[in-house]
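You will see chain A twice below: alongside chain B first, and alongside chain C after that.
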Partner chain A sequence: MELISLITLVILIVAGGICIGGGVHFIPVGGAPAAMSTATGVGTGTAMLAAGAGLTGLITAASMTGQAWYLVALAGAVGAMLMMGITMLIANFVYIFGVGIVPASSKASIDPITKLDQDPYKTPGTEGHGVPTVCFVSGIIGALLGGAGGGLVYFAVDSFASASPVLSGVNATAAAGLAAIVSVGIFFINSVAASYNIGGTIEGFHDPKFKRIPKGILASAIMSLVAAIFVILMLGGI
Partner chain B sequence: MDPITLGVVALMGAAATIAGAAEDLESDIGSQSNPNSQVQLAPQMGHLHRMINKAASGEPVSYGVWCGTAGAIAALAMSAVHIPVIAIAIGSTVAAFVHAIYTVTSHLGRIVGQSQFEQPLFMDVLTQSLGPIAAHGFIASFGIVGMSYLMTLPLDGLGHPFPLPLLAMLWGITIGAIGSSTGDVHYGSESEYQKFEYGGGTPVAIQGDIVTKAPTGAKNSIDVGNFCAKYGGPLTGFCFGLIVFVSFWITLVFGTVPGQIVGIVIIVLLILGNMYLEKFARTKFGPYEE
Partner chain C sequence: MAESNLLNQNNLLILGILGGLIGIYLSGISTIGGLISCLGGICAIVWGADAIRRVASYGLGTGVPSIGYMSLGIATVGSIAGLTAVLAFPALGGLAIAAPILALVFTMIIGACMGLVAVKIIGMKIPIMVRCTVEIAGAASLSILAFSSAVAGGFAAADILNYVVAPGFIALFYIMNCMAIQHPYNACLGPNEEQTRTLKCAASTAFLAMTITGIIALSHAGVVPALLIVIVGLCGWYVSFKAFLKASYEAAASVKWTGLWPKVEE
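Right after this comes the complex of A and B.
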């Protein structure tokens, strides 16, 4: 393998990891409290929702196998954004018609996008509920980054594995499968680390916890670099 | 655009819809998702219950395991029986057994852990709920693996490069995340707190005070399934079906690059739709009184 392809592989994996780790910080997750309509956001865990969106993006990105890197990343981003957008919209249908509540943020007294006031619509004794517009847009941005990052990692590892002497003589499905497993691994490493950085719940880019993102990105870059070295060793690159 | 491929994508959407609804109802009956925190908390607050409590693992990861298991066994069985639908049924049956074993061990473990709060272990609760849990899990696994198999068919626009077990595992994780995010809110915010007035979130002060009585006798996990089957379950199925269908429909009908642009247009429409929905709710319900 040529040195340039090794450098490209490392750059794409680190860039993908940074996108994933950074993207998770945008996704509005309220965890268990949100499932009881006690906190704003989607009612599940940070890493799990990010993984759900990212893996949908990975499946749509892999449909573009053989295309240019930017098309693979774009397909990943669109797939992840569709999953996140539809999930948040349907979640709001449950909150509004199933529970009878209005989406309301607790971290912003006025929604920075719609300029609607939030506090009067919060159930007393709760920290908001549902997915208001600012959280929805933040979630879409997070899915865009996560899906594109997953697509980049998949493209890098698939391209590298297809040319690897370790997999020579094996059919193309093996390279795609290996690339998928590595991508899922790197996705989980970065999303779990980001969820530790967030420390529970986050509403999106307007949440004070969002300021922790520089540390999260640095951690993602370091972890992805280590993962990239393991990928190179695994595929017999040195 | 190949009409046969479009039909297959529609079939994938239908399989995903059924799988999504079954997954959500299973996680409601088994109390596997985030609302289980209240089932866990209830005995500490003095509310003994007859609910299944098996959230020893997160819903996405556990569904990844069950669907991955079903997909792996189905892929193996296909080389032996050569009839995909039977091979998928064999795989899903094995996954249902794994699911049942997990349910028994995790429920026993969690309930025994609550014995310090005098929460009894009701064996009849476990035996009556085990069938519905394994059956709903079977339907979910069958739908996911069936849909994943359709994705791998060598048709124009399909023919996904991932092997069947991997696809099934990835979709399993995704459906777990979707079910946990959408339908389970109906269980956690409404079914568990049905005795409180409709039209409000759950204040921290009443957490753990879950409904333990039914119209006749004690409330059990089957009652939760009956309740959530009326709204949360079908909506989860609709959500997952829509995601699977739209993800493939855009590239199939409009082509590789234009399909992505159409996808972005749909995402913008989703944002606008959510804004409209939020404003509708504010007008309909109004603010809370001080």
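Right after this comes the complex of A and C.
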């Protein structure tokens, strides 16, 4: 293992971690209140949304194993965006046709994208409901970043593991398995760090909490760096 | 809440670490090695569930499962690094026998970094955040290693890579152990949550995870050791789940008979 690939590994893992941590800030996480349609966003926690979209992204990224880094990252992004889009769409079906509410944001009085009024449609006493257009677009951007980040981490660990002397004597699929589980681990570390930073719920890039993103990115960068050091310890190369 | 603990947190820590490590080290014994290893994993899961219970009672703001998933993420990176570091660095070759301890230490270091980042950079206000993140990650690491050694028939890195990581069982252990560790407090939290009831639930989820590990162990460990794990796991699940149900009925009875919700202790 040459020195340059070690540096590339660290850069790719940290860049991937930053993309994941930053991406989570875009995703409309509504938490328990949204599950009762009393807050905007998808009614579950960050860990669940990240698991759904991120793991789908990792599967599509893994289908590109062996390709160039941007193809792996792109495949991850497409998978995660697709899954996040479907999640938000189906959540909206449930909110609109099941609960009977109009998607409305509480953090913006006018939707920045469609320019439609939000306040008149917001039920008094609630923090908005459903997934309005701005949140949907924000969620897709978040999934793009998260999926691409997961793909980058997968690419980095997989290409490092395939060349590692540690895996020379074992089953050939161990490298892909190791890369997958390590990228899942790094994905969750970063997404939960970001989720701690936003304090559980956020509507998207128009939410005032979005301004906390620099701290979230710093936390993700540090944790990804720590993880990268342990990946080097895992696979050797110094 | 902390006053009503029947079991001391340090005793549970010792139970988890010692039980887990003894289980992993004895996993190489023929026939009953896997069973002992799984029982060690159960000690670790009960310890982890108690640590989750302590930290999540402060209110994480992100739901109880989030810290479970994160800790398992830390644990998979740390544990595999601990196991394979002896292969990756020939200078550490003499430490092969200490691989599980190395895995635990690596995991705890990453856990401590995460706890410090959460407190110092993100600014979380939970005083026991660092300690509990370290504990949950350590418990997750021991439980993953214990179940993996039960399947692979020992804690040698090459065996675990071949029989647990390559077929993808490691992903199952990730989610399954996360559920076993975070579910008990997530299910029991509320005004009259109490330690013994939550830990009974933890024992039942841990035995259930052990049963599934037994089924996985059929792939490599052989029929008799695998069946032993399944049978002991199912018996343990039956006993612990029955105890958990009984405790739940008893706790519910006080509400039912008096009609009053128990006082919330803050």
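The criterion applied here is as follows: the second predicted complex is superposed on the first by the 238 of 238 C-alpha atoms of A that agree within 3 Å, B and C clash if a C-alpha of one lies under 4 Å from a C-alpha of the other, contacts with A are read in each partner's own complex, and residues count from 1 in each chain.
Here is the rule we go by: contacts are C-beta pairs under 8 Å (C-beta built on N, C-alpha and C of every residue); 3 or more make two chains touch, one makes a residue touch a chain.
Predicted model, so just to flag it, every value in this text is computed and none were measured.
J.: Looking at the overlay on chain A, is there a clash between chain B and chain C, or do the two fit?
T.: Here chain B and chain C cannot both sit on chain A without a clash.
J.: Just to be sure I read the superposition right, which of the two partners does A:15 touch: chain B = first, chain C = second, or both, or neither?
T.: It touches nothing on chain B or chain C.
J.: After lining up the shared chain so the two structures overlap, which partner does A:177 touch, if you call chain B first and chain C second: first, second, both or neither?
T.: Touch partners of A:177: chain B and chain C.
J.: Going by the touch definition up top, name the partner, chain B or chain C, that contacts more of chain A.
T.: B
J.: What is the contact status of A:164 with respect to chain B (first) and chain C (second): first, second, both, or neither?
T.: A:164 contacts chain C only, not chain B.
J.: Considering only the touch criterion stated at the top, classify A:233 as touching first (chain B), second (chain C), both, or neither.
T.: Touch partner of A:233: chain C, not chain B.
J.: With the two complexes superposed on chain A, say which partner A:81 touches: chain B (first), chain C (second), both, or neither.
T.: first
J.: Just checking: does A:31 make contact with chain B only, chain C only, both, or neither of them? Give me first, second, both or neither.
T.: both
J.: Quick one: is A:45 in contact with chain B, with chain C, with both, or with neither? Answer first, second, both or neither.
T.: In the superposition, A:45 contacts both chain B and chain C.
J.: Can you check which stretch of chain B gets into chain C in the overlay, out of 111-119, 147-155, 183-191 or 237-245?
T.: It is 111-119; the other listed stretches have no clashes.
J.: For chain A, what residues appear in both contact lists, the one with chain B and the one with chain C?
T.: 31-32, 45, 48, 51, 173, 177, 180-181, 184
J.: Per the contact definition, I'd like the list of chain A residues that touch chain C in the complex.
T.: Interface residues on chain A, with respect to chain C: 31-32, 45-48, 51, 164-167, 169-171, 173-174, 177-178, 180-182, 184-189, 192-193, 195-197, 199-200, 215-216, 218-219, 222-223, 226-227, 230-231, 233-238.
J.: Residues of chain B touching chain A in their complex?
T.: Within the complex, chain B contacts chain A at residues 33-35, 37-38, 58-61, 160-163, 166-167, 170-171, 173-174, 176-178, 180-186, 188-190, 192-193, 198-207, 231-232, 235-236, 238-239, 242-243, 246-248, 250-251, 256-257, 260, 263-264, 266-267, 270-271, 273-275, 277-282, 285, 287-288.
J.: Name, in rising order, each residue of chain A that touches chain B in their complex.
T.: 31-32, 34-38, 42-45, 48-49, 51-53, 55-56, 58-60, 62-65, 67, 71, 74-75, 78-79, 81-83, 85-103, 114, 116, 120-126, 128-133, 136-137, 140, 172-173, 176-177, 180-181, 184
J.: Touching residues of chain C toward chain A in the complex: what are they?
T.: That would be residues 60-63, 65-67, 69-70, 72-78, 80-81, 84-85, 87-89, 106, 110, 113-114, 117-118, 121-124, 157-158, 161-162, 165-168, 170-171, 174 of chain C.
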